[in-house]
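Shared between the two complexes below is subunit A, which pairs with subunit B and subunit C, respectively.
Showing the complex of A and B:
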């Protein structure tokens, strides 16, 4: 009987530092993360629990969390944030799947296309948000182009895409920014084994649709899932784009947290931090799910 | 029915011609090995037969019908790749039944066929296993089973054993041989390993530099190579020049009675396999062989490879006898009946 394959067999026999040694080696880097991130989170939690001597608050309680969670505005903001993060992530994932499939063979042949797709990854969200204002605002580039082409009579006829009810501007900005990221993740999987599996599918009599349904989708699912969860986590916790392109009411949670935190009334600060901690929990949950998906995919031999 | 005919096949990669004017017939129930060194174009031919690559010229006929322009899913040929390429998101039986499901076969019937193939490929008890829980040999057997279950006219095997260790490879060769004799399925097997090709096939087609150099039974290619390059591919080391004169081959290594031959007086290249040369330690009384001195010995397990320097040049000898040492004086004998003469050089 053949013994089960052990892809990590080489790693097991390779000499290297043990777990304790590894922790020691990583300690300088870990200390910075713990102090800056963990310390900040702990300080925020203490303040969210009501310990803010500068504002005359010294008693620890869950009161601020309770007030935040029962505030109708919080629920509206939470729903709006979920809507924007969920919609933009879903649209970006859908476009990314189609783009990756179209580009799969092209990218293999052309490094230029590969490079072009990496460029948007380096552009900050804030720059894209400002560009969205210039293009999508009622007096923006598109509106004026539509007037010039005679599609609309005046700029006022142009649909409201910035600071609008449905967060179109925010969603478009996120979609533009996140499509390359998810596409690159999918392309990495397709380049690794996707095309070879499709060839197998062809010789095993699968039609083009069957190959997409039974080979491509299951192959890229972990990559799409993990990338989408990361994108969701980012868009759920991002502040600058909805701050620039969103409405004043209801606000997304990060904007709401920022407003409370930076309120002139110091008593609003614990509620702002409590909101931030709720955001952090949702983001961490998404990241943990992404990690689980990645781990499950790696166990199956898919490299992400 | 499982006939494959390749006529004047030409395949280009851009401006580079990889295969030119290749003709090959694989008959119903036959196992033919396409043998050649890496980069000779073996996989390219297989991909063209499978439909994964469009030839630039020639024709491919499966069961008498041209399949030029026919997509792979519509051809009655299935390919087993060098890597198992199993679907990682499916278990063993789902992988094996994939092709049947794509054909729209009912679940019950698919399960029955899968069970039969599991038994044939000795994979019973592994049907629910995840792909990553299988060894390399088991994965390759699943890949083979996944192709066999479709009962194609032609089964194309692209070096499926090259990633396995020696023991596993031997077991897989025997398994493939057994399956082929039991199912009588027509198979075109690509390999760079001459022993694999010789052991598995009814016929071997040797591909060198994009051209078929010789097609024939394994013994024919091994013992009667068509030209020096074919002989070299099969381990030929001893080549010498000479000419025919009245049934005798005259060379620097001696005169050999080779019987009546065409081209009296013409220069001819001859070869003899290292294992066909006899070697004995030199004694006071000559045995009538060529005198020489051992330059190098290499122990290869079941045999020892010995390089002998004679006055006419070096000869490589393969012997199962022990006790030869570098520097030792020896006599080597070249049996004339084992000498292979090639057409005019």
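Showing the complex of A and C:
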């Protein structure tokens, strides 16, 4: 948020070391990021270009990328992955905004609610995916409960929620897992900003909707945006949930990458890594694009 | 040319080596061929055998580092050292490099646990010591006429590796639900068509799903024997496309109408236990019994093998070409085949691995102990299993079938 009244003096006193010193201070963290992340990516790129001496591959070429990108399944997988990541992120963000608003006042008082919201954060995706199988499968817990309660005749009448065409199980799992995360991010902002601005709005006779649209939303937007981007990047690249809850075919890009990488045929490995790099590129592109859109919106004076 | 200089250096080195060797009595590798077994056992005393193997199973590790290490130390004064690896292919690729670099002796690997594709790579590149298997006294307990022992995924073993254990596919069913299961692959296909939605198989390249496809492949192409040895590409393609056609026509009658497949045998077992499907199958003959013990399957679950047989594979141990302690490695390989070690390994609470020795070749008292060992409620007897074994096809057939299944059956192209 750009606020014209930002006190310059404050900013100056906060600035500690100069630029050079800053780089030096950040060096340990940057080194880890560059060596582990950048190095891994570079090694991956080399292998995706076909350098794999164990399998007797030694020549570098873009052929593996070309083969991945021209595969008739690529667009299908890409769209499916986009659909799953986009839908789960949007639903999770929407629910999180509502929950955060509802909880904003409650959490102040109740440590229990706060704690309850932190629990899902600690549970690995894999565990939740397996739990989803047990609960949502046609012979799962919910289906059996519904039969026992007489809501449906047999478990075959239970709607298909996992390994289904629309990825319902995958999206439900992601929403359950990511809502607490986004909510916590929003709550942190809401708690900091306090109620002063809302009180001002109220004295100026702003309606609840106006207060939400012009005060709360702009306050929480950076947090929602950042958290959603993280969630999108994660769900776009995650493998375990679609592997367990998705259909065998078509498969999401991460599952496709895994399948190729773990193929008994070592020659398929470069294609798996090439797919992984495509995933990384798409995610990076999404982040850059989101930043640009936000900037453009601000320039046009949209209050965000 | 550079080659000449290298040759000269090699020659020099050779002379130096020969001179230094003449100080010792004889070259051990040369002698081994004429050695009788007592000499080998004597030479093995005090040796440390480095055995490289997949280290992902606590049961296997406990058996190797506990029982085997103790027995070998007590009876043969051999120190067994396990080299656990993620994948034995790592060791094989290291051997390839050592071969290229000319490191022909004093290698740090004395024994490795391999089969299939890795054995093939070793054999093709001359990475193995031997043939040594026929010289192990306990080898007479193994029935080498069984095709799943004589061929390792279609590759003739030729004494270059010694069998250790085996696994066989069994069909799993519940007598309470299906009292008369279909006894042949053909009847199973008919059963699936008349019971829509009650059968599933994991999607290849899952190991278990893949072996199901190979059973269909054998069924439509008239048996396993013709695929052993060199492959006839044209005949294979005909048989493979028949296989895909059969499976494609079968898909609408499968669980979820073949729109999706279980991703693993674990999931298939869950579907079976939940009553969503009526069959499961496993590449481990004792798995159903273990699942009954765990309370996962009901007590009425049983297993069977098809009348024409089910696919079995054998896992082996081999000695690298540059192993430092070949005598010790051979004594270990021989001990692995002893009735006591095989019986211990087969105990359900130790490992439960299938004995590779033929009970009929054992002395009466040992045969009794093998027959009397607790198998578990649903496990078939060794004799019944061993009389109905089919060998695996060569691994190139396996790979092509997995790829083809995904192209034609899954994606419908």
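Note that in this section the second predicted complex is superposed on the first by the 246 of 304 C-alpha atoms of A that agree within 3 Å, B and C clash if a C-alpha of one lies under 4 Å from a C-alpha of the other, contacts with A are read in each partner's own complex, and residues count from 1 in each chain.
By definition in this document, a residue touches a chain if its C-beta (ideal position, glycine included) is under 8 Å from a C-beta of that chain, and two chains touch if they have at least 3 such contacts.
Because the structure is predicted, anything quoted here is derived from the model rather than measured.
Engineer: Identify the partner contact of A:207: answer first if only subunit B is touched, second if only subunit C is, both if each is, neither if none is.
Structural biologist: After superposition on chain A, A:207 lies in contact with subunit B alone.
Engineer: As a test of reading the superposition: which chain, subunit B or subunit C, is in touch with more residues of subunit A?
Structural biologist: B
Engineer: Should A:215 be classified as contacting the first partner (subunit B), the second (subunit C), both, or neither?
Structural biologist: Only subunit B is touched by A:215; subunit C is not.
Engineer: One more residue to check, A:291. First (subunit B), second (subunit C), both or neither?
Structural biologist: neither
Engineer: In the superposed arrangement, which partner chain does A:118 touch: subunit B (first), subunit C (second), both, or neither?
Structural biologist: Neither: A:118 stays clear of subunit B and subunit C.
Engineer: Once the structures are superposed on A, label A:196 by its partner contacts, choosing first (subunit B), second (subunit C), both or neither.
Structural biologist: first
Engineer: If you stack the two complexes on chain A, which partner ends up touching A:105: first (subunit B), second (subunit C), both, or neither?
Structural biologist: Touch partners of A:105: none, neither subunit B nor subunit C.
Engineer: How about subunit B: which of its residues touch subunit A in the complex?
Structural biologist: The contact residues of subunit B facing subunit A are 50-52, 71-73, 77-79, 81, 83, 85, 87-89, 98-99, 101-103, 130-139, 146-147, 150, 156, 168.
Engineer: For the complex, which residues does subunit C have touching subunit A?
Structural biologist: Contacts found on subunit C: 89, 93, 117, 203, 205, 256, 259-261, 263, 267, 270-271, 274-276, 395, 398-399, 402-403, 406, 410-411.
Engineer: Okay, in this complex, where on subunit A does subunit C touch?
Structural biologist: Touching subunit C: residues 54, 73, 133, 137-139, 160, 163, 165, 243-244, 247-249, 259, 263-265 of subunit A.
Engineer: Subunit B touches which residues of subunit A in the complex?
Structural biologist: Going by the criterion above, the answer is residues 2-5, 7, 193, 196-197, 199-207, 210, 214-215, 218-219, 221, 299-302.
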